[in-house]
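Letters A, B, C and D name the chains as they come in the text, with residue numbers starting at 1 for each one.
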Amino acid sequence: MTEKVKLKWNGKDIEAVKGSNLLQAALDNGQEVAHYCYHAGLSIAGVCRMCMVEQDGVPRPFPACNATCGEGMVVRNDTPKIKAAVENTLQFHLLNHPLDCPVCDQAGECGLQDYYMKHGQYDSQMIDKKVHKEKVQDIGKNVMLDAERCILCSRCTRFTEEVTKTFELGILNRGDHAEITVNEELKNDYAQNLVDICPVGALTSKDFRFKQRVWFLEEVYTTCIGCETGCSVKVSQNKNGAYRVKPVFDETVNGHWMCDDGRQIYKHVSSPTRLQVASENMNGLFVPADELNIKEAVKGKKAKFILSTSLTNQEYERFFHEVGSKAEVALYTLPKLGADFDGILKRGDKNANLRGAEHAFKKAGKDSTPAALDKLLNSIGSSDVVYVVVPEILYNEDHFNTLLTKIEKASMRIALTPGETLSSMKVFNYLLPVPSFLEKEGDIVNFSGDIRKLNAGLSYGETTKDISYYGNWVNV
Amino acid sequence: MEKDTANYKDFSLLSYHHIPGVHNIEVFERAGGYEMMKKCFGMEPDFIKEEVKASGLRGRGGAGFPTGVKWGFFSKDRSAQKYLLCNADESEPGTFKDRYLVEKNPHILIEGMIISAWALGTQKGYIYIRGEFYQQAMILEKALKEAYAKGYLGKNILGKGFDFDLYVHRGAGAYICGEETGMISSLEGKKGQPKLKPPFPAIKGYRGLPTMVNNVESLAAVPWIMRFGAAEYKKWGTEKSAGTKLFSISGDVNKPGVIEVPLGTSLKEIIEVHCGGMRNGNKLKAVVPGGSSAPVFNHDESYVVKMDYEDVAAKGSMLGSGAIIILDETRNIGDLMKWTLEFYHHESCGQCTPCREGTGWLESVFKRRDSGKASKSDIDLLDKTAASMRGQTICALADAAAMPAQGMIKSFRSELEAYIMTPTHTGKR
Amino acid sequence: MILKADLYKQHGFLKGLYLGLKITMMNLLSNLFKHDRMTLNYPEEKYFYSDRFKGKHILTVKEDGTLRCTSCMLCSTYCPAQCIHIVAADDSDKEVEKAPVSFEIEMLRCVFCGFCEEACPVDAIRLSGEYEMSGHAEQEWVADHHELAFRKSLNGGRGIVSTVDDKDRMKLRL
Amino acid sequence: MSSHSNTHVSHSQGAPFKFTAENLAKYEELLTRYDDVESALLPVLHLVQEQNRWLPIEAIEYVSELMKIPEISIKEVISFYDMFYDIPVARNMVHVCTNITCSMFGGREIYQGLLKHFDTDYLTPTRDGRISLQKMECLGACEMAPCMRINNDYVGPVDLVSAIHKLEELP
């Protein structure tokens, strides 16, 4: 397959693919190399001058990001010369950088802070007037720009040129007056990635802005349920709630990026209006109810289930095993939204685990098509109990509401929801909380048939009682 | 007009300059112009390349890299799409030789480019001339039109089955576009920011295709070399610095201007013989020997240095573009430093951090006297900062800013100390 | 250090006894004969603590009366008792950018260690000399920023200095 | 002393921009010189300035539409080069060299003197709209130091009196 070469990095033997990027090879082998402008998902700019290395037999130091791995290379970045160079270059980076750390959201995960601890010149000789640029600019799509904090690594401009090809950002002027500038405003659906790739606090997310300091957060690595792509993501959270979603590099699915819609999937999880306990409809107002009463009310009745497409394979399997084999079951699929595929990551099919659901239905000998759903809806009688599993992410509420109007015939209407109580849910007699995607372990199957893992993080609502638990109530 | 061989052999580049109206193709051809081009089409391209290599011609733009060797790196595939670029973005402070050459005799450059294009097998060429040289660009446009009319440019030149199109491309006022990859970026319609090397332009240049970039003076020397032979060219100059060179001389001399002398001519001779001595008979104080990027020579060094690549380098400076700025005893080195630092601050392209921030900081440290914050140790800080900028960037602009600063600190430290400690009218001190 | 058990053989035991009880004896004697070191008749008489006493917190304000705090959360990060809770938001002033909408200290959890004071990069929180913090059991014991910055005892910054000039901070921005 | 123009906001001239028929022909001719459209950007911007003196947002939009180059890329280029103006300039452009040799012979004093005499600022048109002054780095005419560039023509050596005299003669 690919040819491997051996090279020496700071005296340590490392192995890399021949002709691959030297800096990436070093990083992959766990070596520490300071860098700002290099990003594996973007072209090489070579402007931050932090990843300088010395190679035996090459007279001048050169940036590792612009070099390729060759057999027998002997490279060092721990020589006094390189250390001094990195120290000096970092000093230049910090020269006109404002002392904003206390108010900067990037603090704690900032490239400048990290490298300053290692390569900083602790005595500042800068007593001159700094170059001031415009702060706190809202450049659209939930992105805030602080031009002063920018170190002009050009990652963001390369992102809009190479990944989204929308050309909204540019670097105007030259010299130390050079400044990131937006043409009108950001328009692409991947703008939040700019916040991720910005190594400093120049681009910050308006959504996350000032909500938490990053050192209070811990991350749970899971999969985005925003559409059928199933990008690898991490959700930053602490006991007070979930705060943001960021992409995790995954070669097979999403590479380095994720779309802006996917960034919103955490919102219902720690929302203050999320349904916490079983509730009963009292003239349009939901009040906490005793589970036992509900159980009594549904016991032994003929049940009809409408499942959502955002459950895990394991949940489907358990449901069909314990409950579904005897009951009538149909699948509510979310309507298409936008183009089938936008060419980068986003897909119009918003059903996170449609493949998994279809598979489970087939295995249980049930029909998962919309026609079956219509059939079930038409057959609802006044003595039936209808369980509706509310989809986790509802892009089109109206479409879901239409479904709800069709179940009114049933005497007992129960919603199983992992999220907030919507106004349209007044149609239900009871609301029962189920775990959200962030509170359960399991697999989902994405558009290409790949199994993607959901991992549980901290919990903000129901964690154990899933659809099978409530479904079992009808079986005595 | 009779050909005066002796006169031609005294000069290579300025050999036609005494002829009135030589910018006109008719006059130029009567004097023997384009003859060599016609002959060259009968020669093997490799022979021309070898001859240029043998002549020891070195790039006249500033770096002094042997032109023949550079040509050797170029793609040998004659059918592949390639470009020849002439660097006429003469922006190094103190330099005006290319302007002079183009103004007086644009055809010698065009002839040189056609021969080079034949040797290198390029199908298209551009003369990148700086935006300020509007009239010079017009002169070139007119000359090109004449050459096209004669069939020396265009498709199937002189029936040899060789195509070469040549155009003038005007810059728009950015020093950095004189750097070859910066020029290529600029030609591509982008900001003139230098590109990472490798790959070098000879492999991947303009539009990702092999591109050869040569200075005006280098290309204009080619016809002469082909006419009289490499051996004849080598008779001038020193062993490693062959041939003649144009020097742009300005400052405190009686006759500033462009002169052509063999490399290795002493600076003393240049000042006293070619430039008519110092203005008002003042004593010489310092000389910038190769454009503002070159470290200055003090009085003593100036009188012993020979103007060739090696000797100037041995004395701690560089020949660069051959721009000699002469300062007499009435001048203050502090002013020179201030102007130089301001220039590089203004011209840094803003790509690499050490240069973008460093050039600005050098200027503000040097100007601390304006805010009353200066101290003598600032000179050490300047020296240290300049040193830390060197060799850290994509192109040589950071070095070009750091070298003269370090040079002036080395040679004129006490004067600079006195300068930065002198309060200005805006200072509080 | 290793103590030699037979050291008394060289020096005798009286010297050790004297040294060990010296401070105690001196305090005993001075308390016996000097009356100003005795128990105070609180609250009629009040004890004077040094300026370094760590009492009730103050949030300092700028000249224009707004809080200095930029809600960087360093104090709440540093706080060993985890008793500081800040909610931040955008400030309309772009120079300030970030300011707290709520700043609360759970007074019963606070151990008055002063780490918050140390951690603050903008001198926004100080521990004052106020030590009278008694109250009723049913009250919430959470001091919000109105209490911390503008309580009556501060007397608008004249009672206890709580106004800090902004110039020194702006100096950093050059 | 920055001579960087503030290109943060592109200025509007309040009227649409369009090449004249003659310039459109020139534009077509320019395109034939290059192997791709992007390369013609600098000459095209020069052409726009020949027609319109400066580059308002309308012209940027027009060129962007014409050449299919993103607006931001054009803005980047305009801000990078000293000779492209995104603020209104007067009908006569005067460049004063302030680099080493010219400064030695008083180039800076001439520039300051001219600013004072015409009561104007960097690039700001004089009140009668005749002249815009721009200080420039080395113009490449050091043998005639201190030199100036008046609408594409070099003049030098000049002093303040002769410089003012020359500028007063401008239409």
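The definition used in the following text is that a residue touches a chain if its C-beta (ideal position, glycine included) is under 8 Å from a C-beta of that chain, and two chains touch if they have at least 3 such contacts.
Remember, it's a predicted structure, so these values are computed and weren't measured experimentally.
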Quiz item: With chain centres set to the mean of the C-alpha atoms, which chain is at the far end from subunit D?
Solution: C
Practice problem: Report which of B-D and A-C is connected by more C-beta pairs in contact. | Solution: B-D
Quiz item: If you average the Cα atoms of subunit B and of subunit C to get two centres, how far apart are those centres in Å?
Solution: 69
Quiz prompt | Mean-CA-position distance for subunit D and subunit B (Å) | solution = 24
Quiz item: Using the average of all C-alpha atoms in each chain as its centre, how far is it in Å between subunit C and subunit D?
Solution: 63
Practice problem: Find the geometric centre of each of subunit A and subunit C from their Cα atoms only, then give the gap between the two centres in Å, rounded to an integer. | Solution: 43
Exercise. Name the residues of subunit B that each touch 2 or more other chains.
Key: 174, 191, 346-347, 349
Quiz item: What are the residues of subunit A that contact at least two other chains?
Solution: 126-129, 171, 173-175, 177
Quiz item: Among the chains present, which pairs are found to touch?
Solution: A-B, A-C, A-D, B-D
Exercise. Mind listing the subunit B positions that touch subunit A in their complex?
Key: 174, 176, 191, 196, 198, 345-354, 356-361, 364-365, 368, 371, 373, 381, 388-389, 391-394
Practice problem: Report the residues of subunit B in contact with subunit D in the complex, numbered from low to high. | Solution: 81, 90-96, 98-99, 124, 130-135, 165, 167, 169-175, 186-193, 207, 248-252, 256-258, 288, 292, 323, 325, 327, 331, 335-336, 339-340, 342-343, 346-347, 349
Quiz item: Residues of subunit C touching subunit A in their complex?
Solution: 70-74, 77, 88-90, 94-98, 121-122, 172-174
Quiz prompt | Partner subunit B, residues of subunit D touching it in the complex | solution = 1, 3, 33, 35-36, 38-43, 45-46, 69, 73, 76-77, 80-84, 95, 98-101, 103-104, 136-143, 145, 149, 152-154
Quiz item: Which residues, counting only subunit A, touch subunit C once they are in their complex?
Solution: 98-103, 107, 126-130, 135-136, 209-211, 213, 215-216
